[in-house]
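Common to both upcoming complexes is chain A, partnered first by chain B, then by chain C.
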Partner chain A sequence: MKKSLQWSIRILILAVVIALSIKIEPLDQRSTQHFDPARQIEEFWQERLPSLLQGDRVLDADLFRTELKNNRKLLVDRYGSTLGIGAPYSLLLGGEFEVFEVGEELIHIRTEQGAAFDLRTDYIFGNTVREATASFSIDDYENTMDFNLVASELNRRVLQLVVAPVRDQLVKGARLHLIGAVDLPQEGLPKGYFELIPLTIELR
Partner chain B sequence: MLKTQILRIDRSTLRPLVALVVMVLALSLLSESFFTSDNIFNVMRQVSVNLCISVGMTLVILTGGIDLSVGSILALSGAVSAGLIKSGLQFAGINLHVGFTFFGVVVVALLIGGLLGWFNGQMVTRFKVPPFIATLGMLTIARGMTMLYTNGHPITGLGAQFEYLGTGWFCGIPMPVLVAVLVVLLFALFMRKAPWGRYIYAIGGNERASRLSGIDVNRVKCFVYTVAGVLSAVAALIVTARLDSAQPNAGTGYELDSIAAVVIGGTSLNGGRGSVWGTVIGALIIGVLNNGLVLMNVSPFWQQVIKGVVILLAVIMDRMNAKEA
Partner chain C sequence: MLKRSLVFFVLVISLVAFSGCGERSPQKTSKRVAVVISTLNNPWFVLLGESAKARAEELGYEAVIFDSQNNSSKETEHFDNIIAAGYAAILFNPTDADGSVVNVRRAKQAEIPVFCMDREINARDVATCQILSDNFSGCVEIGKEFIRTVGREGNYAELLGLVGDNNTWNRSRGFHTVVDCFPGLKMVAQQSADFDRNTAMMVMESILQAHGDIVGVFCGNDAMAMGAYQAVLAAGKADQIKVFGFDGEKDVLNGIREGKIVATGMQSPVLMARTAAEFAHRYLSGDQNFSKKIPIAVHAVTRENIDQFLE
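Presenting the complex of A and B:
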């Protein structure tokens, strides 16, 4: 009797804690309010990105290297986009490249004039792609988590739709035309080569 | 009677207390901004997080152990609680959404902290993994799980109740400070009055003798690691609420600050000697030191050097104490 009373009290306390802790509702009633990054990015990817990559926001990779030495400020003012203080500038770069070395996550590529980059083909994280397109503003989102989901969704699409179809053909000596996103630190230069995240890859 | 039991300060606590008083006096003379009510509350708010973690760390160190995973447990508890209050759980197959109230996420955060702490305890007691290694493993596991859960992004916009916990006031006291004070009072009383409080000292003093005298050493050890996890989760709720966001890299290095607070407060790294009150003083010394150095425009690099020297001095004093004893 005593034991059953103890258990009854425990179960009662547990039930009260659960009742005070959670709210259950049908999922479809919430889905209208729920932010869906895949749906938003699908529209961007299909309709706005192609024209963006053909527009004047894409900087020639060789020009990037020379202007970086000569006129960095103009470069970032004209082509760069940044989240704010301390965050790097992100830019869109394009050009004709040759593959020089193939690694698991990075592929070393160079233009004819010698502008060298590491093309990232795996573990794509961060905001580089989102910021380089300069098409998304934090003010348009309810919270930063939704804004970050946009970056994650873009990165996922790069891996699945841009890299995966051509990954096996990116071998030493392959020639390609690509447009990608790159981060330029607010000051100084990266320790190694600039890492380029591809947005389109066309094999020649 | 109860008041005197809670406030009883032993000799090992006296030296850091004197050091704290001297520091406060010196900084009051050196900086006009130091001894103002705004700044005092600011220091106390900053100290509250470290204090919650350090109380748990005190219990662990008193048994002769160490817990390096508190910062990562903080990060994971904070991230999960933020994620649950923000998005809840979705079960698409059965068209169900489970939302969490503020009370609910507090419960879940404490459960996560407790569970990870208990896991540490099991590693140490059941599998005889040295505490340094067991909790180092958990440090990495919990940090990795935080990154997986958040995808490396912060979770923000957590609502009014979280905001109140982080920035609100109750009876003229900032909420984070109030939570830390409650934690301190609870565990100061526990260590003085509860049998398990005495067991913790006994185990740290002589584990074999404690075992032979009938204390369930493994159970008590497991308990202290669980408490350390739970208190890390309490700290997680404060940090998350103060920032109104859960940061995936939150709590990095907090384990060192809490160990420093415990050691500076006179708790012996060998276990068996020390107190929660000593840790309060240790945490205040670190908080006042940080604040004072900032107010005096000391370079952040020098701040680290000075903090390191203070910790070393505290350990040297601990060794001298041990020799005297």
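Presenting the complex of A and C:
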């Protein structure tokens, strides 16, 4: 009787030790640990982005159209930023636009001189914004997951802080000044219009 | 006599000293490159390993492939042997993002540069350079294709790769960045199938028993996509369930053309492997100025553009 009690206590202690040493977590939480992109982006968004958007990295949208035909190499060398090998070049473009057509996710805009773009106002994915700012280096991150989370956080802020406040005012005929990010493929052109992801929108 | 003995003594000391120098840094003069691959039980990794070996040989090195069999301890054994044998460089496809760090660190301590291919390790300061697929962006494109094909509503499943591999999570995260924007799409099962075709088939069979109504399955690699498709076909649901993969394997490319698989992400194992070998050559030739990580773009392959990838 005494022996069985001793064994029961031993097994109980062992079970407690095992239970305490095992941590069970859902698979989908395994991918998002430690790094807090929101905290890192806050400083960039508040302090560095405004001066970046006033600087000489922003290319005039009309100039983009003409240089694309005349000197694509100069365009990407001077204004483009790309991630690694084979990815598109991302650039910052700015200008005065008029709204021509309003869709669910895309708004068709044009400059007075005819440079036409689709402004993306929903479902913003990918690295375009992060790369166009040329402010983040993959080498600064412990792993690529953290680097990707930076892109997602920037996209989230664009939707919440740039698009949402003016979305209802983006109607046909509206005039606006905007600066946005665009992807230029390594070769060729996109099938439709270039998609512009806004970083600032000022209604005129 | 004394003078001759002194000369002889100096000569012997010099010989011993020089031979000692040679033993301390054999990699400086070695022309051997080790290609350590996580597993050769998957044609994609075979291509990666063979391409790295071929390019290293073109550049004048003797190259040897080591198969880690997806086993970290096997990988450690390989590194022990490689370091002891004084290889000049290691072209490395890790088994585990965290577990492989210690091996790379030991190689670094032995002054052997390591160039990671395809799979990432969770450390910035040990590998000379990491040449990686941009899995996240590739799977963002697959996610968009998923929405275009499956729609914005319905139940779906996801088959993950190895849970210790960063690629698994970068792919999953990229896919979910898109799909999670649509609340009508509900993930009813997310299970690991270890990047393995047979495991994927078994996992998919059990998922189908519990969730016969799913409309799509996203698989973290093409081997799993083929396994999932087999299970879907056997269940008679090939028309109902759309299968998505990632890698750009020949089987899946043919499957896309035949309408069995909807889309995959085209990685460039040959480009990654060749780049790693060329970087190793540059490093050994004295140019040590590299970015720590070089992502390589991944393109979505669908029935619309399949011809340009099958050529």
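Note that the second predicted complex is superposed on the first by the 171 of 204 C-alpha atoms of A that agree within 3 Å, B and C clash if a C-alpha of one lies under 4 Å from a C-alpha of the other, contacts with A are read in each partner's own complex, and residues count from 1 in each chain.
FYI, contacts are C-beta pairs under 8 Å (C-beta built on N, C-alpha and C of every residue); 3 or more make two chains touch, one makes a residue touch a chain.
What you see is a predicted model, and the numbers here were worked out from it, not measured in a lab.
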Once the shared chain is lined up, is A:Gln169 touching chain B (first), chain C (second), both, or neither of them?
-> neither
Examine A:Ile138 and indicate which partner it touches, taking first as chain B and second as chain C; both and neither are also allowed.
-> second
Pick one for A:Ser152: touches chain B only (first), chain C only (second), both, or neither.
-> both
In the overlay, answer first, second, both or neither for which of chain B and chain C A:Phe125 touches.
-> both
Could you look at A:Gln113 and tell me whether it touches chain B, chain C, both or neither (first, second, both, neither)?
-> neither
Counting only touches as set out at the top, which of chain B and chain C does A:Leu83 meet: first, second, both, neither?
-> second
If you stack the two complexes on chain A, which partner ends up touching A:Leu20: first (chain B), second (chain C), both, or neither?
-> first
Between chain B (first) and chain C (second), which, if any, makes contact with A:Gln54: first, second, both or neither?
-> neither
Residues on chain A lying within both footprints (that of chain B and that of chain C) = 27-28, 30, 125-126, 142-145, 148-149, 151-152
Per the touch rule above, chain A residues touching chain B in the complex are 17, 20-30, 125-126, 142-145, 148-149, 151-152
Residue set of chain B touching chain A in the complex reads 86, 88, 90-92, 95-101, 103-104, 107-108, 151-157, 245
Residues of chain A that touch chain C when the two form their complex = 27-28, 30-32, 83-88, 123, 125-127, 138-139, 141-145, 148-149, 151-152
Inside the complex, what are the residues of chain C that reach chain A?
-> 97, 120, 122-124, 132, 134-137, 140, 143-144, 160, 163, 166, 169-170, 172-174, 176-178, 181, 190-192, 268, 271, 275, 291-297, 299
